[in-house]
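Common to both upcoming complexes is chain A, partnered first by chain B, then by chain C.
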Partner chain A sequence: MQSDLIHLSRRDALIKLLRVAGAGAGAAGLGLWLSEHSWRPEPALAMAAKRGHTIAADLKLPEMAIITGDDPAQLAREAIEELGGIRRFIARGDIVLVKPNIGWDRTPEQAANTNPDVVAEIVRQCSNAGAKRVIVTDVSCNDPRRCFQRSGIAEAAQRVGAEVVLPDPAMFKEVDLQGETLRAWPVLDLFLNVDKVINVPIAKHHSLTGTTLGMKNWYGMLGGPRHQLHQKIHESLVDLADFVRPTLTIIDCYRILVRNGPTGGNLQDVLLKKTLVAGTDPVALDAYVAKAYWNLEVASLPYLRMAANRGLGTYEFEKVRTQIKTL
Partner chain B sequence: MRFPKPTKLRTLSQIVFFFLFLFLLLRTEFRGSLTASASETRLAYPVSLFFQFDPLVAISNALSSHSLYRGLLWSLVVLIPTMFLGRFFCGWICPLGSIHHFFSSFKSESKRGKQLIDSNRYKRWQTTKYYLLIASLVAAVFGTGIVGWLDPFSLLVRSVGLSILPATNYSLQAALGVLERSRYASVQTLGSILHFILGALLLSFKQPHFRLGIWLGLIFVFLVALNFRITRFWCRALCPLGALLGVVSRWSVLGLVKNPEHCNDCNRCLLRCQGGDDPVGGVPWHQPECHLCMNCVDECPEHGLRFQFFPGQKTVGTSLQRRKVLTGLAAGAAVVPLMRSTPGFATERNERLLRPPGALDEQYFLARCIRCGECMKVCPNNALHPAFSEAGIEGLWTPVLVPRIGYCESSCVLCSQVCPTGAIWEITEKEKGWSGDVAHADKTFRLGTAFYDRGRCLPWAMATECIVCEEWCPTSPKAIHLQTVDLIDAAGNSKQVKQPYLDPSRCVGCGACEYACPVQDRPAVYVTSVGESRSRTNQILLNRRKG
Partner chain C sequence: MKLWNRCSSVFICSALALTIVQAQSSVRRATGSRAGAADAQKQSENLLREPLPRHAGAQAPPSFYSPEGLYQHIDGGADIYLLYGFKNLLHQDFKSGAAELTVDIYEMDKTEDAFGIYAAERSPGYKFVSIGAEGYRDKGVLNFLQDHYYVKLSGSDANADGLLDQFARLLSGRIGGTRTLPALLEKLPREHQVPHSEQYMRKDPLGHAFLAPAYVVAYALGKQESKLVVSVANNAQDAKSRSEQLAKHFKESGECTSAPELGEGGMRARNSYEGRLIARTQGRYVIALLNPPENGAEILKTVARSLP
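Take a look at the complex of A and B:
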């Protein structure tokens, strides 16, 4: 049957051959290129990040302020004033990160999270000083939606114009903490791109170290399996404190959790101290609060001595210029 | 003004109810708010509303519990009008029906021309749903809520809420991630804008994961795909709610009137018939099969069909075969004894059968739970999952807490707020009371008890400091207490570590310790169901259970 045969011209045959050869060459080229790019997949390398947000010391001003009074917001205002005023810490156009403890699904009365009025007042002060952005965030332990809302901090902070950011898994970057114990860890990226950092922890009981204060609050910038940090708690605390070096620390001792921390829950575990302890030396602050409210000496908190050796401050809080004031 | 065509109105009604359903399902989630006060932790919308209007859920609840749980009386709003009007619910309201309607409208190889017309004639197999209804209601009389395996809302919430939406969230997040990590600023901005919009409408706060999720999704996709062969196969052949509404519409006073003088046997009324109820001339109309979609009235070129009150024409009711009815009765009567003579809650408890807080004791729980997945969808910690074998065959798809994935938050009672049947009885945050002194509370809700695997626990087995479980324990005083011991580590140095112990009088079984344990794969502390407050028998200590 003649009709089944297709007459193929030389031209058509050549085109056909070229097409096949082209596809074959393409496949071979792609294959070669891909095989040259084959290496064992590894997690992304940790990046080096900016560390340290401290400001220059001023010998005329106190390094620590201990303010007692009824109104938490007023305490925050006075504490900052005693230390030289917010403009000493925040410059116009700064991006400021305020780091309260928003770790737990608890209300302000239960004293497991930082007092929302203190946070709001700090935000307001930063805005007044001309900060471009004031970010309030924390990597919560319990569900962040519940923690941010039930702590009252989200509502109080956004009302005075803060950017309240609930961490999202996509917001963590693998960072080299350059510590002696801690190296590559996922860090909430907000901590990496700001000008100033204000640490606003709450003073609470903790079974491992007796008390959890300012330096422990840096747990809240980490993602990953951070529960492992307890295995070398003192070394971890110092590495974290060495990495962040805050502009200012304000320890909320308005309500303190004296038992069953850090979660608490029972109002009988809460003592009303109506005090804020603020300052530029995070080691002295932790040492003072541990002694004042838990009667813990430096000897029982090895991380204080280790931090001092690292040059992060002094645990001899008695030698620090201190302003004590009762409103 | 011309009155809009009934079919247009019907489509509008279907769209409205479908999106209402979808909206409520998407809001079955604690979203948190930056502006809300600390105390506003309840859901803003009655998210399980559709279940309250579901007469099948109500009847099953009544048969199995001899009562009607909160809000289920509303189902009369659907049931009574159906007695007068017929299955308008199936054609006009049911969101699952609307999904089937939508996918049925696509043509396929087996639904073209004459084949399409033939496929829409009444078939004997459409009675299957009545036998399923009979069997599941008999099972309800025996005290089990397995009707929820087939109830259309249970099916929809379970499939869409636990599988389709999580999968959608995953793919959208992946696509947004590509945009937001782009090297071009304009693409990044587009990604952020899309993220904001989708976040407000559709995205979950965190990616949900549900056990059995893929199977729930595949069942749903399969049921939807059946529409490509036979229009609304689910509604015609399987849906027990459709069957129930069909039965009660037997006496309905609204009906189809066929004018034989106008009929020229063109069969066009069969082209888009949803119910397979024979609106065509020459045969009687199958009233209980009709969804009142009005397509036949629309389609008839001679205007020979219309719906009218007291139609006065002979119709066919649910023509059930006696033998099959008996089979349905026997199946329902046999299935519960068979399931319960297999070791289950009465004789051999699965240690990991942890029920949500407020859950009734197992026999009452299984009687009421309709396996709908509302509690699982709403749990902010993704802690509740559909059971596979933990609760026996009868307990398939009932909720179990999986602490390794998520623990029970001490201040949260959302699952008890959304449960439509009272299987998880509504409790308040205050009643739950997990942040206080549990040992001395009048009444406590406990899910189980935590146990230590000392061979894996760091301070016990490896002379290493840890105490994360104690840190996370939500009760105060804590159920986990510590003893400081002097140990010698591998290098021979003496060392002090704190070893955890558990106080069962204070443990509520929330699973926070198991969730937080740093031994990532198999935790060194885990919760089992013994000591759950809902059970009188599943206990360890003489004096622990109260209330």
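Take a look at the complex of A and C:
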């Protein structure tokens, strides 16, 4: 070995170096090619995941209903009625997932979670329409047991026959979300094989986007590292909205959190608006609520324009058929 | 050829040595940061050691959140905490009789950062209590600032409010350290100052990134409200540069004239959407008064005199 080194010519050294580099490049290239062309089994649920839960448009009916009044349950009932009634959205035998915001260990008065009476009324309506199962769930940020209990949603929904499901780690499945930003991500499996999805977020202040409304509520179906979602928040919101495409969205503006969202806590940060905004165009709904309660224009919420470009709805809420009613 | 072989050997040895040194240093860094985090956690955990008020018992071991993990606990609320140099959060639930209590102790990098995040979340209309440097409470909530900690307590049940108060006083005693707001705020004129309106903004004071960081305080004279901004630059040169950027902004969006009577780098400016502004520099500070009252020039001079 020693003599080999001593008698190594400059030419030989270069040839050896090129051989090593060539072998390295070859191995890297082969690795890249294999990673793109090799067959890997897709998770079964990822293949079967249902994308989109929308219903056919009806030009005779409003796309958005804005209902104001004292009783949250009555507001939910009226909002659905104005949009054509629950049977327009839910068929006999459907499995329905109702997705409120149950992210926080807060009481209804603190307005960090969706109003429990609104959730209960939606469950009741779905059951009346003949839904086979109505599931109520959310991936909480705080301790789920405390969030479901303290928000009042578990009790209110169970009372009217909903299956209230507290997620546990075994219930997440890796899914290819096929988004522009989000690809493989752990999703709560309940979201993957239901017939209809009703999104019931609460309108709140949010330190990064200004406000958190309907599309942001889809973060509550994901596991995995949340900080990565926030690095490209607008893009990830649109990817999720594109993946779910809900049957119906009902934004709870009965109480709104105007400061220190999304967690809140101080009652002085809460305003009583006694309004629900419901509809089939999730982009228009978010655009309307952002403007009505936070005076935020489309330019301040880039995800609205991105969602519209993806064909998820229109941010020009003034152009959608709207029914406004005070009870 | 001998030279070639020698060079090759030297190169290979140097590369190997560099790799070993880098590996060792990154191991040291990782170990050091893990040790630092463990120390910080132990320190926070010690704040909640026994005995606790009303024999409150922990319902589970404490949870700790690092800057990367904070989103798991407060989702998008994490952004603003990270902006203010968040280091570590201790979260723990307690129970005493029927009352349940949640303790969140946020450890920030510096005392002004702790003040910054605390002030960003409070509103002048809150009910303030004298705990720590400052605190406020509402039904089921008590938050306070002390040293480089921001403590947030929340509870449920009719008896929870008393328990919150006892926990807050116990924690305040155990935290120790500084029980005052940032020293610079003490130097600002008190007359007509809107109580509890002080802010420490790490991002876009008055909407201008180049003014950050800055203290912002509201003054009210009758119905007129003014905002005093003290931008903290790195040095006098940096302050001059910030002042020039402010002047440039107003020249482009409205008007701005030099006003030597206001002092060092004095200016008077206005535009249609921000309104009127007077400003000057003092050492490494830029002092600006938006929508100034009649005695605005006097306020600027008073502030300038009090700053080093």
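Keep this in mind: the second predicted complex is superposed on the first by the 279 of 327 C-alpha atoms of A that agree within 3 Å, B and C clash if a C-alpha of one lies under 4 Å from a C-alpha of the other, contacts with A are read in each partner's own complex, and residues count from 1 in each chain.
Criterion: a residue touches a chain if its C-beta (ideal position, glycine included) is under 8 Å from a C-beta of that chain, and two chains touch if they have at least 3 such contacts.
Being a predicted model, the structure only gives us computed values, none of them experimental.
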{"item": "Fit or clash - chain C, chain B, common chain A", "value": "clash"}
{"item": "Partner chain(s) touched by A:Phe317 [first = chain B, second = chain C, both, neither]", "value": "neither"}
{"item": "A:Tyr254 touches, of chain B and chain C: first, second, both or neither?", "value": "neither"}
{"item": "Which superposed partner A:Phe148 touches (first chain B, second chain C, both, neither)", "value": "first"}
{"item": "Chain B versus chain C as contact partner of A:His227, first or second or both or neither", "value": "both"}
{"item": "Touching partner for A:Pro169 - first (chain B), second (chain C), both, neither", "value": "first"}
{"item": "First (chain B), second (chain C), both or neither touched by A:Asn266", "value": "both"}
{"item": "First (chain B), second (chain C), both or neither touched by A:Pro108", "value": "first"}
{"item": "Partner chain in contact with A:Thr209 - chain B first, chain C second, else both or neither", "value": "second"}
{"item": "Stretch of chain C penetrating chain B in the combined three-chain arrangement, among 2-10, 20-28 or 38-46", "value": "38-46"}
{"item": "Contact residues of chain A, present in both the chain B and the chain C interface", "value": "105, 107, 110, 141-143, 146, 150, 206-208, 225, 227, 230, 233, 259-260, 262-263, 265-266, 268-269"}
{"item": "Chain C residues touching chain A - in the complex, by the definition given at the top", "value": "1, 4-5, 8, 68-80, 93, 102, 121, 123, 125-126, 136, 138-141, 143, 152, 154, 156"}
{"item": "Chain A to chain B touching residues, read off their complex", "value": "105-108, 110, 141-146, 148-152, 154-155, 158-159, 164, 166, 169-170, 206-208, 225, 227-228, 230-233, 259-260, 262-266, 268-269"}
{"item": "Chain C-facing residues of chain A, complex", "value": "5-6, 8-10, 13, 103, 105, 107, 110, 141-143, 146, 150, 206-209, 212, 216, 219, 225-227, 229-230, 233, 259-263, 265-269"}
{"item": "Footprint of chain A on chain B - complex, ascending", "value": "30-41, 177, 180, 205-207, 380-381, 409-412, 434-437, 458, 464-468, 470-478, 482, 498, 516-518, 520"}
